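As written, the chains take the letters A, B, C and D, and residue 1 is the first residue of each chain.
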Amino acid sequence: MDRMKTVTLYADWVPKPDFKLGSKDIDGTLSYLGSKVWKNPRVEIVDKTIPKPGPGQVIVKVRACGICGSDVHMAQADSDGYINYPGLTAFPCTLGHELSGIVVEAGADAINRRTNRPFDAGEPVCAEEMAWCGTCRPCADGFPNHCERLQEIGFSIDGAFAEYIALDAKYCWSLNELVEHYGEKKAFQLGSLVEPTSVAYNAVIERGGGIRPGDAVWILGSGPIGTAACAILKRAGASRVIISEPSKERAELAIKAGASHVIDPTEENTAEQVLDLTKGGGVNLILEASGLPGIVWADIENVIWNGRTLNTTIVIVARADAKIPLTGEVLQVRRAQVVGSQGHSGHGTFPRVISAMADGMDLTPIITKTINLSEVPENLELLQSDRKECKITAFM
Amino acid sequence: MDRMKTVTLYADWVPKPDFKLGSKDIDGTLSYLGSKVWKNPRVEIVDKTIPKPGPGQVIVKVRACGICGSDVHMAQADSDGYINYPGLTAFPCTLGHELSGIVVEAGADAINRRTNRPFDAGEPVCAEEMAWCGTCRPCADGFPNHCERLQEIGFSIDGAFAEYIALDAKYCWSLNELVEHYGEKKAFQLGSLVEPTSVAYNAVIERGGGIRPGDAVWILGSGPIGTAACAILKRAGASRVIISEPSKERAELAIKAGASHVIDPTEENTAEQVLDLTKGGGVNLILEASGLPGIVWADIENVIWNGRTLNTTIVIVARADAKIPLTGEVLQVRRAQVVGSQGHSGHGTFPRVISAMADGMDLTPIITKTINLSEVPENLELLQSDRKECKITAFM
Amino acid sequence: MDRMKTVTLYADWVPKPDFKLGSKDIDGTLSYLGSKVWKNPRVEIVDKTIPKPGPGQVIVKVRACGICGSDVHMAQADSDGYINYPGLTAFPCTLGHELSGIVVEAGADAINRRTNRPFDAGEPVCAEEMAWCGTCRPCADGFPNHCERLQEIGFSIDGAFAEYIALDAKYCWSLNELVEHYGEKKAFQLGSLVEPTSVAYNAVIERGGGIRPGDAVWILGSGPIGTAACAILKRAGASRVIISEPSKERAELAIKAGASHVIDPTEENTAEQVLDLTKGGGVNLILEASGLPGIVWADIENVIWNGRTLNTTIVIVARADAKIPLTGEVLQVRRAQVVGSQGHSGHGTFPRVISAMADGMDLTPIITKTINLSEVPENLELLQSDRKECKITAFM
Amino acid sequence: MDRMKTVTLYADWVPKPDFKLGSKDIDGTLSYLGSKVWKNPRVEIVDKTIPKPGPGQVIVKVRACGICGSDVHMAQADSDGYINYPGLTAFPCTLGHELSGIVVEAGADAINRRTNRPFDAGEPVCAEEMAWCGTCRPCADGFPNHCERLQEIGFSIDGAFAEYIALDAKYCWSLNELVEHYGEKKAFQLGSLVEPTSVAYNAVIERGGGIRPGDAVWILGSGPIGTAACAILKRAGASRVIISEPSKERAELAIKAGASHVIDPTEENTAEQVLDLTKGGGVNLILEASGLPGIVWADIENVIWNGRTLNTTIVIVARADAKIPLTGEVLQVRRAQVVGSQGHSGHGTFPRVISAMADGMDLTPIITKTINLSEVPENLELLQSDRKECKITAFM
């Protein structure tokens, strides 16, 4: 029982010529600009020692862990051999951060927020991916998603494509409610979706300010985040949940999650369709989850300009390099706003997502393929090209 | 076609000794303190001339109009012969303000907000009850529910227990969406419920600040407002909608509307039950719709004090004379707040309620009895004592 | 006394080939796209009949009226002879909308919000420029700046470069407080600045959400709006009010108004300066009042990206055609937002600006030149090229 | 240098008959209900070992520490010999929590938020009093003032009436800005006022929602919190800052801090005065800082009911046992709300208070008497009866 299997990413520290070590980077070890330094990524199944908990930590026996787009990009080399993922990374690192599992051991100071007492073995949990410090100015002010000393589980500290993982108790949230409502198996499936669903929830509810029952919304792109947003906004009372998505398979999932109307942007005039479906009213909230802001922005502004709804909020959740051609007058005349969204921690988001799931927000159809731990490497490769699967999840 | 039947309330202007004419009162005609001046109320079926529209008005052929508690209190005398209703009144007055109907004639400046063009005959509409001026400081600032020159339809200007009613177009909202989704008959039923539902919506969404999906709520009293609040908060994503209500019939309606749990406060320890149902968590929003704040307040504070939820908002929507024994420390330690709610106008409330209804928020089970116009007087009397009916509605 | 002098703009209705009459345009008379139809603008001193008040109107004897940039653009022809102003216009029209004056006559229903009684002759007032209808959906919802049937005083209905003006009472606000604190003369000077100051107030307080005492802010451009914003934000508790402005004269005025630091963007690296002045902290609110978003945007994003302040709000108040090259990741990583601001009506803005002025927010230094009514035409021309005057105001 | 002088409170653990050990109490050591268990308080000057820093801690050489009302109540016995302070306490304990000083030693993980680097010796700092855990649900959600495992410096862990104090770095905030603007001596005076000023800031800005420039406010009671609130709200742009306070000395201090009008509630009709001073307008924000809610509440409701201002927020910051006789209809008709306020941590409050002080918000007149460490015990006794001193502060 001392050793365990893990899916570990190796890469070589070969900084590009234009790279300058940042103030928080550690030479040879950690960078906030991964794609500038890491070359020749290799994913391997590796045996490691099962970790022991620090005083505020728990050891979780992993039961499920989903593959995220970031995992794919870390493991994928560009034509120069550098990894595609541009952010915080420290290799070698066990991958995996969309996890659920069971607490098997706990440090003395590891408190279970559900009971407000020390963690007991047997508690089903999921975990945040963002390892916020809790003491910097953003953390002290209540914005852990913008921690100034952030680490990321599965990126810069060992993740959950492993039989066991050590986690600070402060990142863990009980899945007890899900076990009660769905039984263990489904609870761990759903539990592994809490992290990406919380990204969507943070985007539309915390950053987007939510909606009022009877409002209309439009979500661009039904990957896991966009699809989860459909479910959340339907649940928040949207009378119209419009998804624009070219993949028929993914659009189907959005409908299952709660979308009321689908637009295929490759076949229809998206802006016209959104206005038609809302009888010229337009929408109260727009979620940019396509990652193609340069391409979709004209449609977004068209809907706001020509729709009769004031005060529309555009939330940008997908990361993209492209500049957005923003027209100030659209925001002025229509009293609109653009906000950016990052992360999933804080603001009561994780426990609310879990409660909503326990009350019937069942997103398990998002998991379109289940695998075991040793199949993770090949599926990381598959997802470099596949456009049909939504979420591939390893069960252990 | 020149004459029409109406249900008209007569009363005698006999000011009590302590009554002083207020700055906006009109001697013999209008008072903001009805129960201080009006004696011997009589409800009669009376023939009146069908009104002609002013330039900004429409004439609506009434199709449905519900009886509100205020109607009952206006028509009911206390032991001294004075009416029970304490507010703005000018008699004689046609009663009725929970209306739906069809536009049959329109003044030249009567604009239909749905089309942004002059009203056409045939448009199905409902109407606000609060006749706000649109020019005083509260109206100019966006708070029409607190208009400084408020009149009230069915209280100080002729209402809708009549075959026809003249209404300023600015108080009317199209029911077109409801007709499309439910057909005419049900559209007018639902349409007559838009006004009381908007009172509940204004309370929990506008004044209470709404909730986030996954939150828990507790509503005290399932009269029409409390029951509509169950539906709205369920739709807004509440994972637990707890209603406390002694009448089994009314509790049943609350369940139909969306309540997830019922507590009978005459048989159970309400605070304990609320805490049990939320596993000690407590609730994010509390709606006081019982009209008995003195009796229920200890339970409310108990739930907030002992529950683990911070930031609970208590919304007081029911009118009551009794002082509330507020404990400041409960608000301090639990970061809680108390807000008052009045009215239903402005803030995009009516159109959102109509959209939510069109999307499936079907509150017609609240209408427990349907009558015709000439039966209104006897049912106003019935409701002085009956505790089983929820909403009695006249159809024309 | 039947006739009065006015400054009236004439132009010829000669639609450009690509112009299509909009749904609210009136052929030969009114367009929402002025620069597409109006040719050969002529400003003339013209005698007109003194107006009589409608039932809800007052007649105001004008005492002061400032020249706005829009006035200049309406009176200025481009190389093809079309006016420069792109918005709502109906000619011939008396110009002028930054006014103060004295009520000399009032219609029966013209209510003075200060007293909540009919207007008396002698009341000193200023007025909103936006003639909102009070009944469309935006007005009913509390957003008169986005009225669907907006008219504009001095653009599509007769303005205040005249001895008298007829105004709906609902657009008028008493200057009584200013007269008490400053005496009549200065009260009318300040009174004519309430309108542009309210544009700034709406931008930074209503749309920008205000600030907390101790925050830092950065305003780009110290024209009348930017300068007023310095005064408002200083008053709101900003510990650093940074203005970037190339004109030394205007920067001087910003300092008088409340700016704590000036940057000349033509001589300094603006972003570096802002970061230096805030010790790397960055700012909580940014007001784009330069009208050159394409040029300044890189600096704005630089300050947000490199400053340590989260949650910065960028308010765009100046109109500009240029697209803004927005970087989504800046909004995401720094939890920032962009909002547009239009207008000055509603939200309690006018009375709060007047109270702040009465409490010492003296913006009269903005008025760098005073003229009489007959000098308006030549000063409209002067301002086509002059960059030194801030506000030129006619006194009558 | 191994030993230091402290002011330490001793008391005997003699639980009252009705006391039951709470879930977080520790028998003989710590209770959340101090006045139920601690008897015979004795304040003594005691020598203790100078503490060594833990990994995330700093050792601060104390330069100033103010006496708070809570200190007085802990040291004061009622007629049965029990302490007057009802809250969290663990004795023996060094008292003192309104502190400023200089870092003299730092643990390896003690980060200075100002520099985002490890603390250097020599940094001037003040500190929060609330020792929040940073990991419970309230802390994770951004509400450290409501931490579920709160400790309090100077109440349950050793405080700052001592030559040195060990503090978690996460509770410390740099006073560098104050030293730059005021020099060392005044910086430490002001620095010792940051904690109580932050209590006022949290009350009126965070919990009360702040104000808009031009608003009017009313503060009841000019103790240190009420007086600081005058300064904060003046700085936030209040055009009228009304203080009601019977002590002439204290009212004087409020005027120095920023109050524009004083009412002596023992000699004047307070509500009438507030309405007069606002010309019938009423106020936008009311701070209950008198601790006598039962006595002042009728005046508060009178001002809201009869004033013309909607949306007034009443913030309750003073602790009091008395029930408040709340009239729901006042909140309903006037769209008002009541909120409770506790604490000073989080929400960016400390750094904003420091910035506001550095920008001129000089509250040092609040310190009406300065003493040295050994005079603390006699001054704790003096303050049991004295009503003239505002803040007595020990300098070291």
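Everything that follows uses one rule, which is that a contact is a pair of C-beta atoms (placed from the backbone, for glycine too) under 8 Å apart; a residue touches a chain by one contact, two chains touch by 3 or more.
The structure presented is a predicted model; accordingly, all values stated were derived computationally and were not measured.
Between A-B and A-C, more C-beta contact pairs join the chains of A-C. The contact pattern of B-C recurs in A-D, the pair among C-D, A-D or B-D where over half of the contact pairs coincide by residue number. Centroids of subunit A and subunit D (each the mean of its C-alpha atoms) stand 41 Å apart. Distance from the subunit A centre to the subunit C centre is 44 Å, each centre being the mean of its Cα atoms. For subunit A, the set of residues touching two or more other chains reads 116, 137, 141, 143, 148, 308, 348, 351. On the side of subunit B, the complex with subunit C involves touching residues 56, 111, 113, 116, 134-137, 139-144, 148-149, 169-170, 345-348, 351. For subunit D in complex with subunit C, the residues that touch the partner chain are 116, 201, 205, 210, 212-216, 232, 235-237, 239-240, 308, 348, 351-356, 358-359, 361. Interface residues of subunit A facing subunit C in the complex, by the touch rule stated above, are 137-138, 141, 143, 145-146, 148, 207, 288, 293, 308, 310-311, 316-317, 319-321, 323-342.
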